[in-house]
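Structure in structure tokens, see below.
In this document, chain identifiers A, B, C, D, E and F correspond to the written order of the chains, with residue numbering beginning at 1 in each.
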């Protein structure tokens, strides 16, 4: 007997920008299994785009809210390279949570000896390096390279493709990258074109996360509640709505 | 000529619990220089105590708000072991920001070859290890040990002292700790008593942070705006008040 | 439009033991997608079981032969914890190759802050630690623990389950493991029972690899031929059959 | 009640060069608290300047002698980037000992995500990298860069400022440095001018050490005598004066 | 009384190329002690040259066969940079086994603060980095640099010398190498000429291994059979000759 | 033609204790080649035994003096586990310098997958761990274990053997050590007896260093003068004798 039931995956764009949500959804729909239903949303609160630690931290409550309010999804995907708030998301539910950053690194690790992450503004390099470090995979990362595109600039597809091409070529030639991870959800959908130009595997992080979320569901695995990812302890979270009170998560 | 002007340091308790704020303030007042004015506050929003990633991420917007609303302080201290949101805090202002976690580690590093962090519930161990890692100091950490006290349990001073004694003794005997960092703001004020019992230096993290904040002010150093800690880019942060919009930070 | 074509995955048991091949196949069939066809084989040459470096190195040519002789599979799985010869396998073809060791670690990394690998004889501990290191994920590994079961002893299911239970409990209690990776293909199929006993996620490495191979196929990704995993250079490989000559791989 | 008693800090220039001692003293006096008394000395023996391991090791006995002979200081500062003999200094007394290298790194760590050390001759790079490693902070170091100035060349202030400017700019542009640590006591006093030129925080290592020594005194912390930094065991140290015999240290 | 008995060292060229075997033998004879007898052989099976993981894994059974069939040698040397199969070789016998890669690194470590490995084709860089990592020495490696010479191209001595000169000079100038390890057995014999050109120590890996094998014999040390390197367990190794059955190794 | 000329190796006991010098000499004479002449000396100045950083730093000038005054030796051995002052020694001359600590680790690395260092007083553990780290080999070190014997207590051979047996057995059983490095020159000569008791290789550090010094001489390799280990720059070293002035080293 094989695993054939339908899945429901909820993707949460970390940014409150609808164009980007649509792009993420398209990338996800393009790779999902027939039996998977994908819904892509964006938070009710938070920055239009995540381009620094400040943005990231203000985005997280809205992201977590999307998890708290959903009792149906079989798995969640955090669609912002940085996997913002992922440890908290894992505490909130037993249902698997996949970050697009970690997903892209695992996929890259199976295709290439070394890979680079190519991403947006110069200032996020430290933030992106910390994200790589959070997965535990560091030795295999050839470099983190930045295009200096703003996140919302990625809506300009041709210019984005051009910038990614140039920076990826530098990563390949100078840093020894043998695959490229697209380090921003806004770059989703450009992987095939870029792959043709570069001649190395290019990982669409959103697509990668969809397949890994399907994998976790297929394996019927739930997040460990042994210690670190236990449900938040019961307490008052001042000035937050009822659905973000730990009590809510236990219902 | 010497540095003698008055300083104003604002301490932000990460937790929204007044008893804890009072305890933090007392520990800070006890070590401040005569010329330093210390004010201790707590956020308007967020969990009563920070005991998991969920708590931490929901506490951060309230913490950052305390920075956004303050144009007078010469330096800020984040008084929750975990230094929640510290990278964002550093982006918001050029005025120095000190975390009590990092402060305690630097002080410990100058007093002992190896030290342990002794902290609250078992479940935070991974979170605390990540905090140590964030400072970049890892080789000198003998262990992270937990008492399994809840954060607010630290208001029971005798029981807390007892638990800290037992667990610290294990860290010294089994892990080779030669100093102890108190890994929770709620443990502030117990360092002297514990030091007498243990015979090794015990670092009160709040007190450590006060001295390092005074140091940064005395050196007239400001946070680097070169790259990572630049001011947040201008954009709309949906559903957040005006003083948390990047525009506000630039005024 | 979604991805819905049929896949063909070839699993290569690293050991030349038929009972084990059958067990691996059963674990794979249990989790494959309806549209996936899984075929499980064992090499024509090599040790009955892999329990040391000597066994591993003598098993590899037979494993690689199974790749050289197969022009149909969409992806390959190396079903021996140790991922024997995986870099060579990746050189031989553009079709994705997944190791069960790496697969189990990526899945564990998405479910738990820290995990342990529980495996067979005491002597393989160093070998297994090197395998963990090969993936690049080290910080997240709580421990490698051994049952001292021989690989073929895992055919005794009850005794194996018993030994895994005891050793996993030690890993959880003493090392801080929050999930368990079953570190031998022969342990496949025991994950659900063990999970019930332990209360933490238990990763069946073969099942994990099936889902990740399906993921790579679904993403239509091929192994990078940029540098490290290029096709082997043309040359004579003395005393090896024609299908293991590099010439063969280029046809 | 606040901490307001007077402190006495003894700074030991590692080099036996008076001009440098005067420069160090000036940098220290400029930042000390009103209640702090700073005395700067140089050893009776040892090299004019420390520019290699040979120099460093021959300087150490003279440095330690300055500690042995002083029963009054509340804290000691080792004013040579390399913190020569600091572990031994910590064994000799319970009074805190601060190295200017470690002090500058802790201060930099609170101001910037990544920093570089800019120092003297090319040949000391390995020595300086080892010093960084000794503090335990490695991940945050963007690079160690050398000007190829000899230590005593730093007495030529304009040329030194020029060289530091050029090399620091390379560190910022190529290595991602966001702050600069001046890696030689002879560079003290140039931080403000250099900061204006570079636009990033520049850490005067001597000044940093003064503030951290004041911090340790203010916290009333003493060096751990638990294990590594115990007093030297009683024994004869052949051909050394009485005040360097372990017996002396116990009086 | 001193150690003066005659030694017999068997060197196994990992490649099945006779010209290379002769070159290795010459390099070994040039440095052996008078009382040492060196015999250099090549496997009966395997690739002409080892230039990727595929080559390496197919070479290993033939290399191990040379150990299984030899009951006389006092020590073995694996003469292929990559030390192919060395863990298995150590399992097969108590007699010491030395790899030329590790040998060259230990020698380099005693002569220079940092060193580079200069080797053959660009594609082996990852493989060579893994070899360095296998020894445990990583901090001291300035870089792995490649000439893009094929292994058998090293038979062209002048061109090889020229390429090594150029690439080594880059390693010295750009990476901070202070010694060079020749990262291919085929480069043996060129160390003196290269050393004259470069002005830094150049380590002939084969020569280094001969001296370390003599050292182990002189110390009368045998490989540990405590755990990892125990004799292979008794079992059938399908389709391999009798002398590669574990049974044979126990006779 | 083979290497057969006579060698002259000078061993410098780091401690100023004659009984220990005699023991070191005996261990060296027992393994030297017939053509090697070994001379063992002790410094004119410094502590009777090295048991903390203070002792080590005061020992170094006397150790370096033994190198400065010797124009005949072909190689030097620093016979104190800690390799005190070895970087300076390498700066002073082109003739090879071998430390007994590093030598024992390289030898152990060729015999066992993991090894432990068993040494003297509890307080030196941090110092010994730093020595291991200095060689760059860290992954292979199972543990540093201490007997709490004072250095000069090792003159009591039976008690020393007993203590080493007990502590080594713990390292083997609990830490996974598969070989033991004797972490003190005073333990020289006990390796064979201990090896018989333990059943794993035991490395006499002095003996190991003799063989590696012979190896370096046999390979005709000299210390790199490229950068880090250049001759000390010309300058006055105040209050030191003429033969420790850099000028002397250049004659």
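Operating definition for what follows: contacts are C-beta pairs under 8 Å (C-beta built on N, C-alpha and C of every residue); 3 or more make two chains touch, one makes a residue touch a chain.
As the structure is a prediction and not an experimental result, all values here were calculated from the model.
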Subject >> Third chains touching both chain F and chain E >> reply: C, D
Subject >> Fitting chain C to chain F on CA atoms, where both chains share a sequence, rotation angle to nearest 5 degrees >> reply: 120
Original post:
Rounded to the nearest whole Å, what is the centre-to-centre distance of chain B and chain D, using the mean of the C-alpha atoms as each centre?
Top reply: 26
**OP:** Let me have the rounded angstrom distance from the C-alpha centre of chain A over to the C-alpha centre of chain E, please.
**Re:** 44
Original post:
Which integer distance in Å separates the CA centroid of chain C from that of chain D?
Top reply: 52
**OP:** Give the residues of chain B that touch two or more other chains, as numbers and ranges in rising order.
**Re:** 87, 113-114, 125-126, 176, 227-228
Original post:
Tell me, which pairs of chains are in touch?
Top reply: A-B, A-C, A-D, A-E, B-C, B-D, B-F, C-E, C-F, D-E, D-F, E-F
Subject >> Complex interface listing, chain F residues touching chain B >> reply: 125-126
Original post:
So in the complex, which bits of chain D are touching chain A?
Top reply: 113-114, 176
**OP:** Would you pull the chain C residues touching chain E in the complex into a rising list?
**Re:** 16, 43-49, 51-58, 60-62, 64, 85, 87-88, 90-92, 121-123, 125-127, 133, 150, 227-228, 230, 232-233, 235-240, 244, 246
Subject >> For the chain D and chain B complex, residues of the former touching the latter >> reply: 1-4, 29-34, 36, 87, 96-98, 102, 106-107, 109-114, 135-140, 172, 176-179, 199-201, 203-204, 207-208, 211-212, 214-216, 218-219, 221-229
